[in-house]
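Structure in structure tokens, see below.
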Amino acid sequence: MSATNLLTVSYSPHLSGTESVQKIMYRVLIAMIPAFAVSLIFFGLGALVVTSIAVVSCMAFEYLINRFMLKAESTLWDGSAAVTGVLLAFNVPSNLPVWMIIIGSLVAIGVAKMSFGGLGKNPFNPALVGRVFLLISFPVQMTSWPKAIESRLAYLDATTGATPLAILKEGIKNGQPLSELMKEIPGYAQMFIGNMGGSLGEISALALIIGGLYLIYKKVITWHIPVSILATVGLFTGILWMIDPGKYADPLFHLLAGGIILGAIFMATDMVTSPMTPVGQLIFGAGIGLITCLIRIFGSFPEGVSFAILIMNAFVPLIDKYVKPKRFGEELKNG
Amino acid sequence: MKTFPRGGVHPPENKKASGSPIEVLPLPKVVCIHLAHHLGAPAEPVVAKGDAVKAGQLIARSTGFVSANLHAPVSGTVQKIEPAPDSSGYKRTAIFIEVQGDEWLETIDRTTDVINSKEMSSADIINRITQMGIVGLGGATFPSHVKLTIPKGKKAEILIINGVECEPYLTSDHRLMLEKGEEILIGAQLLMKALQVNQAVVGIENNKPDAIRHLTELCNRFPGIRVEVLKVKYPQGGEKQLIKAITGREVPSGKLPIDVGVVVHNVGTAFAVYEAINKNKPLVERVVTVTGKTMNRTANYLVRIGTPINELIEAAGGLPSDTGKVISGGPMMGRALPMIDVPVTKGTSGIVMMPVSESNRRTSLNCIRCSRCNSVCPMGLEPYLLMSLGEAKRWDDMEIAKVMDCMECGSCSYTCPSGRPLLDYIRLGKTSVNRIIRSRSK
Amino acid sequence: MNTVVITIISLSVIGGLSGFILFLIAQQFKVFEDPRIDDVEAVLPGANCGGCGYPGCRGFAENCVKAETLDALFCPVGGNDGMVKVAAALGKEAVVKDPLVAVVRCSGSPDHRVRTTQYDSVGTCEIASILFSGDTACSFGCLGLGDCVKACTFDAMHMNPVSLLPEVIDGKCTSCGACVKACPKTIIELRKKNKKDRKIFVSCVNQDKGAAAKKACSVACIACKACVKACAFDAITIENFLAYIDPAKCTLCRKCVAVCPTDSILEINFAPRKVAEAEPVAIDNQAN
């Protein structure tokens, strides 16, 4: 008989793998380092302040809500509050006042995540809910974009300019021809490395793609959602551009401008709010791409990724209900 | 290298005991043989308290088609026939025999030289297998003659011999292939004859190169049998996964391997068939691996059925003081024993000692919908959904979600980053759905 | 001004038209229900506990209206008084049943029944009982994980944190039977409710032979038959090494409780017995 312990009896399996929620979250944080580094290079002080406030306030709210409202154990150590904080920061301009960031964190963590039951129970992406709440509540501050590099040492008083998408939207509304507007935006190479106006995290396609490749390598995400979103956006805008290049911008512009790459790689791929099957994920991504294009081209907002992702988040239970994995030994209909 | 295309995990192999040759364990003082020893109907005793029995003698008779005979593994006197705990702790009727000497029935050939001269008809082979109480030694203990009796309208095309042993720690099949390879192939030949097929494939995972070499060489002398090397991936040893990897055929949901023309038998079963036909020996002993990270010594014992498990552990050096769990079988699908004086059965493939540091589950968190469980499930099920449905007691929905297809391999619970007890709820669902299905057919 | 008038008129017209269409549809798809079902449902407790065996109080009401007699129908929550009201609403005869109460027949707390293993899986009795016989040497006894407590919709059961056994609050128990169904080891029984909530029952379900049962739990029934001999009313039977007191025959005389060697038979809500006066001992001067 065992000398000192009672034997433990449990169901099989009696081994566990090495995956944990913490490891996944930390991998996501690591993948966001290149984009954060670029934001420091282009937005300097503002980026630092906004990101740190967002992360600290998200974590604080999660701790406080757990301890005093839910009287449950703290879940801070799983890293998901920190990830939400960084993603929220990535989605706002680097000159957003501190109190607005805190409100955004409260909505993201308190309303979009904890009120549904904590990690894993939320139907909508918390960072995006926080971001959209801020956009609708404080439209002016949320659409005043600091100029890259120029405003590095400033925070609230950074000089601001318009993002490429905003330039296009306003210009077309004013009746300016497309060719003229395209001269006002930075070149594609510049846009690729991030030298353009925009929110903290969305500017550098290069940094985001590096992060995305890291996530795919570490098996945190798969290629299905990012590729289907970008392919749909490319296809939709490509078709419109071929029909009338004088009226619609080319697909490469649409892919580099705005938050589509940030959305495709970091926001839409949030595992809690995306479908469970690869085919479902392709449908999800296509939907996001389509809605983004519709809002960008025909809607009144210059950028539509956040709304598109939130709308498709609502469809995820439906997608999961009808798109099932292929069962082993599924009888073929004709066989 | 062939493998099954969907799902699967890679637990650390820990095949410490693969270097330990098979040792014969000394006889115990008392053996305890449960009547409900195998899948199907329990056997019925044909001896009574006080009877003297010889090793190999019939002590309990099969009570139906899906049932099997039980034979005395030792010689001695029947001490009592009464309920005794099995590996679940529940008490079931068992025959206790007090061991006296080691006298066998005269008709049994106890020599170890390899014989391959018996010529028997297919029906006689199946008959002998039935009489000798042969059941699947892979762990499921399914009566082998049932698999060999092909239902009308179906035809067997291929025999697969399962030498995969995908569970970590276990090495009994590995040693059997190394030390009794020829006998296994003779047994395979007999099974081929019984099924009236002319091809057999021995599936072996790539982590046993010596066994692969040995059997491949032997196969030169056995026409129709070949070795298929398989990629190391758990649960390659699962029947359906093995068939898919070797033949590419998928057994349809709810159906049996014979529906795709395949019959699968474990290498241990093939060896038992060899002994049954050529040595007239019933199934009364088997190789059991005794191993564990903290064990000083590991062993592969040839053990008589009914030997209390604590005797195997004592022989291998005793229970380490920091043991938290004793598992009968492998760590992925085996049973954690509530007490260690339960007997070895025909299905006990190994005893694994787990240290206390590895014996407790992680705290279970919310499902983060990462769908890793979906991607590792070899049967294409959705474990996260089955657990949610199980928590809500929605048995009908679980049946629709194909919970009955689950082979309980444990890959889902193994992989879950939130440490959720997926398989616990799936088992609850299977038990409840089974009850519903049975009440439907009444 | 025009805008306001047009708005008021158009919205009123739309509202009125929609209301009228809804009315037509409601009439078209109206389901005729016997109005007596509503009458019966009104006098039922409304707990929707399923104790009657029907889906909810409305289901029970429907069956009461449909049935010829109320002999096979009984609402345990409303009890005899409730059935009288149902019978009155329908003009049928009510059946009278003895009130019942749930009784937990296990006393295997940790000081009587030693833990022999640690259970480390999902903490429900249903799941634990599928896995193994329990974390003690008694394979029949209470697992202490509280499926019965969770099943009770009347807040009449709670788990005692010291004894790790469930306890029934007699005042709240409606004998709906949910806990009986929830227990995978059939430890809970619905027994006749006596005056002052008095109970006498064998608090054990162990079917092992006496020695094995005693070894596993010090208050187990060892089937010694002392109670059978003591009972003057033939109320106790022994089956599978376990004694059972038939509540129909038991007169609550307490003789069996006194003779049980393992204190397996419990008497609940009785006045404490008088301690017998010690008999004077004769002093024998010639004793060695």
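Just so it is clear, A, B and C label the chains in written order, and each chain counts residues from 1 on its own.
To be clear about the criterion, a contact is a pair of C-beta atoms (placed from the backbone, for glycine too) under 8 Å apart; a residue touches a chain by one contact, two chains touch by 3 or more.
Since we're looking at a predicted model, the values are computed, not measured.
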Which neighbours does subunit A have in common with subunit B? C
If you average the Cα atoms per chain, which one ends up farthest from subunit C? A
Distance in whole angstrom between the CA centres of subunit A and subunit B is 49
Per the C-alpha means, the centres of subunit B and subunit C lie apart by a whole-Å value of 42
Approximate Å spacing (C-alpha centroids) for the pair subunit A, subunit C: 53
Expected list for subunit A, residues touching two or more other chains, is 7-11
Tell me, which residues of subunit B touch at least two other chains? 89, 338-339, 359-361, 421, 424, 427
In subunit C, what residues contact two or more other chains? 116-117, 120-121, 127, 131-132, 135
Residue ranges of subunit B touching subunit C (in the complex, touch as defined): 83, 85, 88-91, 338-339, 359-361, 421, 424-425, 427-428, 431
What part of subunit C is in contact with subunit B in the complex they form? 116-117, 120-122, 126-127, 130-135, 139, 208
Seen from subunit B, its contact residues with subunit A in the complex are 6, 9, 11, 89, 168, 240, 244, 250-253, 255, 310, 319, 321-327, 329, 331-340, 354, 356, 358-362, 365-372, 374, 377-382, 384, 402, 405, 408, 410-411, 413-419, 421, 423-424, 427
Which positions of subunit A touch subunit B when the two form their complex? 1-5, 7-17, 19-21, 23-24, 75, 78, 117-121, 271-274, 276-277, 324-331
Touching subunit C in the complex, subunit A uses residues 6-11
